[in-house]
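Same chain, two partners: chain A is paired with chain B first, then with chain C.
Right, the complex of A and B next:
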């Protein structure tokens, strides 16, 4: 009875908690695999930069249509994609490397976004855009998040083999199949899409947390791409569930509670993980004898 | 002499208008075993990448006789592969089936049998389930050779197959190269060790951006030619420093090293 009250009742009793939980499940299913590939492609900070880059788009949507889900999502998507593609293009036609040109663009975007929001809304609106509000996710937003998660999983399944090959051995893929950059671009589109999905619930600043923290933590437990992705999904979902409960019982903001729970998974994995963790390094146990 | 497999005509390949390969012409005979030799930065890897189609020529052409792109297998330099990537040995070798499996088709039982056979040939029987991150440099190179065996192509291009690899692995992999040569495959390898080239490779292409000499190894690797390659390479380095080279090559940008 006590366990029920602690872990189940909040979701059974309140519709907004149920919707938040389902939103976390959908976010976990999309962001987990995307985050895994970001980590494997050494683009972890890219996710962070992109999450800032969608802000002005969302802000323009907000300016035009107020707190409208679709306007803010479309705006975020358009500007996010534009920044990703522009950064890639600039690094190809000039001497600037991609990470530097991306940093340049996202900083401009972030400043523009804050400026645009302050033109109209109050500080409360700005906080909503930056930190989201998973407890106020409505059915429409749920549909958007679930739709993006479904599309992500189907697309990743379709391009899984070349995407893995391109991360691992880009020269080989280009030699046998040509145009590895096609898969790179498709992948970037889905990074932005998932950040847009996450920003509805968690805000631009927190969305990337559910993408990167479980994926980085999974690196310490799994040694194949599919198992890394699956583990990232599980950890992201448990973070969402536990974060919501903590936020409910202790009256804390839900977004940070979710991301901090994911952070606990990350720190715990660094310490105790099976592969390459501090424990594995300093207390490896008996070594194997091969014959 | 047998028929040419690859005919290179007046080939120039440039990074950012700096030519890495400069007005190079010649032919690689079908079934030949050729080493590409030259000082650092001589454009050896660039030449190989151009043949694979990873870099586009600024000028000139590379023509194949009776070879399609799926008849070409390429071993990249190890530095260009992420060896910490979470993938198993068997999956890596199975990528060699690419032209049969493409993006969506399943890897079936017979494909896995070929993978096991290839692993046995390179001395890694039973290594299939292991993650590549656990392998030594030499073992990883054996895995890449297993992938080449699975690819089973008529033209095989190897970029520094023996760099940073122990003697025993080198000998084992050289045996595989000889097996390909014996089976009539065309093999081209970028190499550093002149003694290795002299003892195993019948033909040699010596270059320092420009062609220095191309033909039977004993005639190519003379002291005079090697000296000339070094001198040419120094001149190029100096010219590049002074930024004086400009006769209308269009800029070509690609990732990778010259």
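Right, the complex of A and C next:
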């Protein structure tokens, strides 16, 4: 009964808690695999950069239609894709490498976004855009997040093999099929889509947290790509669930509580993980799987 | 060289006739600004530092604000510690103008702010106090510009008559709501004077503040509060996330009673561009929402 009150009752009693939990599940399902591929492709910071890049798009949406789900999502999507593709293009036609050109674009985007929001709204509005509000997720937003998650899973399943192949040997796929960049672009589209989904709930600053932290933590527990992705999903969802409970019981803001829980998973995995963690490296004998 | 020049300059300043330019008046924020505008009319050039929809509690002055203060002949503030930034800013701007404290003569109420008991500066939310504001501003203007004192008095009398009528109307409107129903939940903390004057209970939403990001715990307590007190009238400051409020109404069956203006006026094309219009906006919304309770 006590456990019920602690862990289940908040969700049974309040609709906003239920919707927030389901939003976390949908976000975990989409972001987990995407984050895994970002980690495998050594693009972990790219997710962060992209999450800032969608800000001016969302801000323009906000400027036109206020805190409207669709306007802000479409704006974020458009600008996010534009920045991703431009950064890729510039790294191909100039001497600048992709990470540097991405950094340039995302800083411009971030500043432009802050400027645009300030044009119309107050600092409080800006905070809503930057931090989102998972407690105010409504059915419409849930549909959007769940739709993006479903689309992500189906698409990743369809391009799973070439995507994995490209992760480990980008040259190979380009040599045999010449379509490596096509998969890369499709993947980028889904990175942006999932960030847009997360942005509604967690804001531009933290959407990337649920994507990267579980995926990075999973690296210490699994080796195959599919199990990395599955583990990321599970950890992301548990982070969401535990974060919401922490927010509920201790009056802490929900977004940071969720991301910090994911952060705990990450730190714990660094220390105790099965592969390549501090424990595995320095006390391999204590490995509980080898008894 | 320097002294004769300064002397000539001062002669020039003295020689320029006072009536040639209107009185430079700086008002700290939109509500005293509007009263000053009504009383001063075309005899003054008015600059309002914190404009429509601006928060007078926290104000980030721009260089032009310092310049306006420097050039001011008269500075009008609310007082009761509302404009904590004014002293520093006026000093930095080397302002020499005298002050009119619009709330002079009002006994301030106390309010609770983040657990501390402080004086409540929102005295204008009682129209009787508003009338005092008008008289204080009128006296200040007349002192700074005695030649136009008659004009200021005519204008002030007109405004006071209007505020008195508005006060009676507000009482009648509130009286149309059964006494037990005269309560609303609101994040506005500026209605202490209104509450005392007109007999409406303003309950703070449990745990919710406009300053902090809402968390699941405080939101759940608010849901419980709405359900247990059976309050349908919910007024949330424009600063709060509207998406959150939608969630809340869906969950509890309460209605969001529209936008109240408490700390600042709206822009000219908004629903509360003047001090009287603020009451004309707020009172019907409060009454309509409370009747649903």
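As a convention for this text, the second predicted complex is superposed on the first by the 285 of 291 C-alpha atoms of A that agree within 3 Å, B and C clash if a C-alpha of one lies under 4 Å from a C-alpha of the other, contacts with A are read in each partner's own complex, and residues count from 1 in each chain.
Please note the rule applied: a residue touches a chain if its C-beta (ideal position, glycine included) is under 8 Å from a C-beta of that chain, and two chains touch if they have at least 3 such contacts.
The structure presented is a predicted model; accordingly, all values stated were derived computationally and were not measured.
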Exercise for the section: Identify the partner contact of A:164: answer first if only chain B is touched, second if only chain C is, both if each is, neither if none is. Expected result: first
Practice task
Using the superposition described at the top, determine whether chain B or chain C touches more residues of chain A.
Solution key: C
Exercise for the section: For A:223, decide between first (touching chain B), second (touching chain C), both and neither. Expected result: first
Practice task
Using the superposition on chain A described above, determine whether A:135 touches chain B (first), chain C (second), both, or neither.
Solution key: second
Exercise for the section: Give one of first, second, both or neither to describe whether A:248 is in contact with chain B, with chain C, with both, or with none. Expected result: second
Practice task
Determine, under the contact definition given at the top, whether A:14 touches first (chain B), second (chain C), both, or neither.
Solution key: second
Exercise for the section: Using the touch rule from the top, collect the residues of chain C that touch chain A in their complex. Expected result: 55, 207, 210, 212-220, 223, 239-244, 246-248, 250-251
Handout entry: In the complex with chain A, residue positions of chain B that touch it
Key = 52-54, 70, 72-74, 76, 80-82, 85-88, 92, 95, 98-99, 101, 103-104, 131, 133, 147, 253, 256
Practice task
State the interface residues of chain A toward chain C in the complex, per the touch definition above.
Solution key: 10, 13-17, 19-20, 66-67, 122, 124, 127-128, 131, 133, 135-138, 244, 247-255, 257
Problem - Contact set on chain A toward chain B in their complex - result: 40, 92, 158-159, 161-162, 164-165, 167-172, 174-178, 222-225, 228
